[in-house]
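In the two complexes that follow, chain A is the common piece, with chain B as its partner first and chain C second.
The block that comes next holds the complex of A and B.
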């Protein structure tokens, strides 16, 4: 259980060596992120999620990206290539596979570059070995995971099962609900991941198609601003030094020395990575608007608690239920690692029934929630859909009405 | 006599399901409708749903429009309006739902690109029961005659949708069309190839925009005339 951290009145910290107001890539000006995120005037843009990723990366003062095509992230990866052509990135190329891409990203980050890449579903799993390596090596790489079903049978549609695999990699894991979350958190994500007391990779997840291919309104800074550049000298570990951890551990694997010193080194480093995730809370709250969760109407008996676009479907279900006089509250989980244990406990204190709608067959978020709440028989894992199936808000409505003992019309066979 | 399912100003959401075949521009049509609604100050989102990108395979897209922020995502299971871009959606069951009108709401609207009635007596009976109107429009012929290419079929269908439902107007569609085809647009490989294909049909970009707009407008006029004598009530938010 985490201690509650006060995120109010905090500021985003960044390198003192950065010259605010200096020239960034192309026509951009390096901005204080506090000004850029919270004060700078914004304009409404009607964009797909892929275009949103491009617009965020344009302003991220990114050094490098490596691409490998897999639906639904291919458009975003191609659009980052356009940015490279326009001069916003120093390096960009196509890797041989997702496994190669993540290794190439690691190489660039070891060398002190700010790195971003994108992947999805089977690609995430193919690359998986690299994510704990990134975390153990303390590389603040950002990977945008545009969730897609995991084979087999094949699906290219949104399904969040891959996030379950990501949870214990040692990376920070955030789950965007909307295109706006995606935009703000790509930029905020670099600032959090690169803090000296964090310095970890960030898996920024969004649901494929529902976010990446959906046109939606996003507020983007009017002025041509960009983030301060990455300062590798703020890293808590030396860059590419073969004689000290973490690179020493790769050169000199402990498996060669079966003794307690080697076990202890591994265990303590794993603990340190998890402690770094904990230390990210105070930074994360600042870029997420004060808390790792958003809440609405917590005084109600029934709450919907979820992350990603399952929250969106929940919002629509609440709207439909209100038309029938049934009042339901909402909790949106924004960060999965660190997980908002204390925040959730407090938010659900009065709830009698907690529904956890999810876009995966495992119901992993319900398990996470059950593991941290008292009286966890209140938690109902569902409704769940998988393989890319849509979760109509009408289905959530039906589940809630069934629980309340109300008569429901069968949904199948209509029309 | 119009069936008033939503008294003036009370409709909260207009859900449009577009069922077409790969290559027909169903996804682009959804984008343009949503962009037009956005340009009119309404809230809108559009999203596609397809498998591997290939010609003649089922492809669907969805447009949601309303007076408030829209969160609903994914396949549209309960639409107010269904558009069928190709007869094979019905005759060869190339849709994601069976029958293709599964889930259509009471008092809903179905617009089909066809010059003959494709529905069975049973279909008609079931749709009549739910007070669902059906409008057949030969969009492909319109596209060939005015746009000069069947690739403009989606434009005719957009015009028909706007004419029947009044969810967006022609100036907004004009703006959206210019935004989509008037400047550089990066999409998937399949969409980029199709964009190139349609651009090659015209000598100049202005011509592309004008001919496609004319196709849209003609369909808008035809369907506006049809809806006056129908029992369908256009959108009122």
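The block that comes next holds the complex of A and C.
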């Protein structure tokens, strides 16, 4: 269980070598991220999630992006190509497959570049071997995972099962509910992932279509600002050198030497990657508004605890329930790695029943929550939908009313 | 109430946990940590100086970031480290390289992050301080030392610090190293004597 980190140090730290106010890509000005995130004036823009990814990347002072097209991330990857054409990136191309893409991202990051890519569903799984390699090599690459179903049967529709696979890769994993989360966390994500005590990849997830292909009002900085550039000299490992770890350890692994200390070094290496996830807590809190969770009405007996767009469906369900005099509170989990163990324990201390709505068949979030709460029989894994099904708020309402012993009409019979 | 984990010398476990996983948080700028407790940086200078002076085999482990003259700052740090070693006095044993060495290192003259315990055991080092080692490699070595030896570990980190050391400074620059030297000299002027056993500082020639 984590120690709850206080938010007193509420500043984003960055390299002392950065020249704030200097010229960034095209017409952008390099900004102190604390000013850019918390003080700079913003304007409302009506954008799809894919367009939001483009606008965040425009301001990210990115060196390189490479991706392989897969629905629903293709549009975002293509829009980043437009940024390359406009001069905002130094390098951009389409890889041969997701596996190739993630290797190419690693190569660029080993060389000291700030790198961004996008993938989804089967692409995430095809690339999977690379994610622990990124983490073990301490590469702060950001991958936006626009969640969709996993084969087989084939589905291009929203489903968050792939995040279950991502949880133990050693990467940071955040789950955006809205396009605004996506915008703010892409930019904030680089600042957290590149901290020298963290220096890990970030899988920033959003729910495919629900976020990527719907339009929303998103507040974007009015001024032409961009992030400070990445400083690879703050990395916890040397820049790419084939003879020196971490690259060396890919061709000359510890296990080749078959002795206790070799194995222990490997184990300690893995522990260090997870330690870095723990260290990210205090940095993440700064860019996530002070906590890894958002809460509403924690004094209520029933709570909805979820992440991603399941939270949005929960909000509407709470409104519908209130019309009938049933009061329900809400916890939105923003970061899955690090997982907000202590924050959740505190937030759910008074709850008698905890529902965990999810867009996947495994119920991985409910398992995570059950693993960290006392009296976990309070946790009800559901409602769950999968394979591209929507989750009408009425389904959540129905589950809660059933638990309360109230009569409910089955939705499937509505005609 | 759960007892707060303390980062203490080992031998701690077959595979000790990382201190971060036990809830130890790194210091913020202006702070240091002593055994997992966040303190004002000023407090840590005297504490570290006392630990070094009380040791029988105090040892500085300079890493690649200060062993080569990458830039003027690295050279200034190296000079400051030499001054600290002379002031104590303390052995200087370099961690020149992160590559595993087979069949094994020469523990009399080097330390390696993949089996740092060999150097600690061979030289009977009871207090050490890491300076100029890349953070990932330092954390690996610090945790292995805590797991299998009784050495009190410290780190003078140029970045965010090391919770796997028993004591850690952060944002270390030449001035901070000199401040530690000043703390040593002040204690000595107050009558605190070095307990260090006699030793010959080895010198590496160009040919190795």
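Annotations
One rule holds in what follows: the second predicted complex is superposed on the first by the 408 of 415 C-alpha atoms of A that agree within 3 Å, B and C clash if a C-alpha of one lies under 4 Å from a C-alpha of the other, contacts with A are read in each partner's own complex, and residues count from 1 in each chain.
In the analysis below, a contact is a pair of C-beta atoms (placed from the backbone, for glycine too) under 8 Å apart; a residue touches a chain by one contact, two chains touch by 3 or more.
Small disclaimer: the values here were computed from a predicted structure and weren't measured.
When the shared chain is aligned, chain C comes close enough to touch A:138, but chain B does not. Contact with chain B, but none with chain C, is seen for A:213 once the two complexes are overlaid on the shared chain. By the document's definition of touching, of the two partners only chain C reaches A:195; chain B does not. Look at A:390: by the touch rule set out above, it reaches chain B but stays clear of chain C. Of the two partner chains placed around the shared chain by superposition, neither chain B nor chain C is touched by A:382. Legend: residue contacts after superposition of the two complexes on their common chain; A:289 is shown touching neither chain B nor chain C. By the touch criterion stated above, A:236 is placed in contact with chain C alone, chain B being left untouched. Of the residues of chain A, not a single one touches chain B in one of the two structures and chain C in the other.
Of all residues in chain C, only 15, 17-21, 23-26, 28-29, 64, 97-100, 102, 113-115, 117, 134-137, 139-140, 143-144, 147, 159-161, 163-164 touch chain A in the complex they form.
By the touch criterion given at the top, residues 12, 31, 34-35, 38, 43-49, 51-52, 71-78, 97, 99, 101-104, 126, 130, 186-189 of chain B touch chain A in their complex. Chain A meets chain B in the complex at residues 46, 74-75, 78-79, 82, 156-158, 178, 207, 209-211, 213-217, 309, 311-313, 315-316, 319, 389-394, 414-415.
Touching chain C in their complex are the following residues of chain A: 1-3, 5, 8-9, 13, 138, 195-197, 199, 234-238, 243-246, 248, 252, 254, 257, 261-262, 264-265, 267-269, 271-272, 274-276, 278-279, 282.
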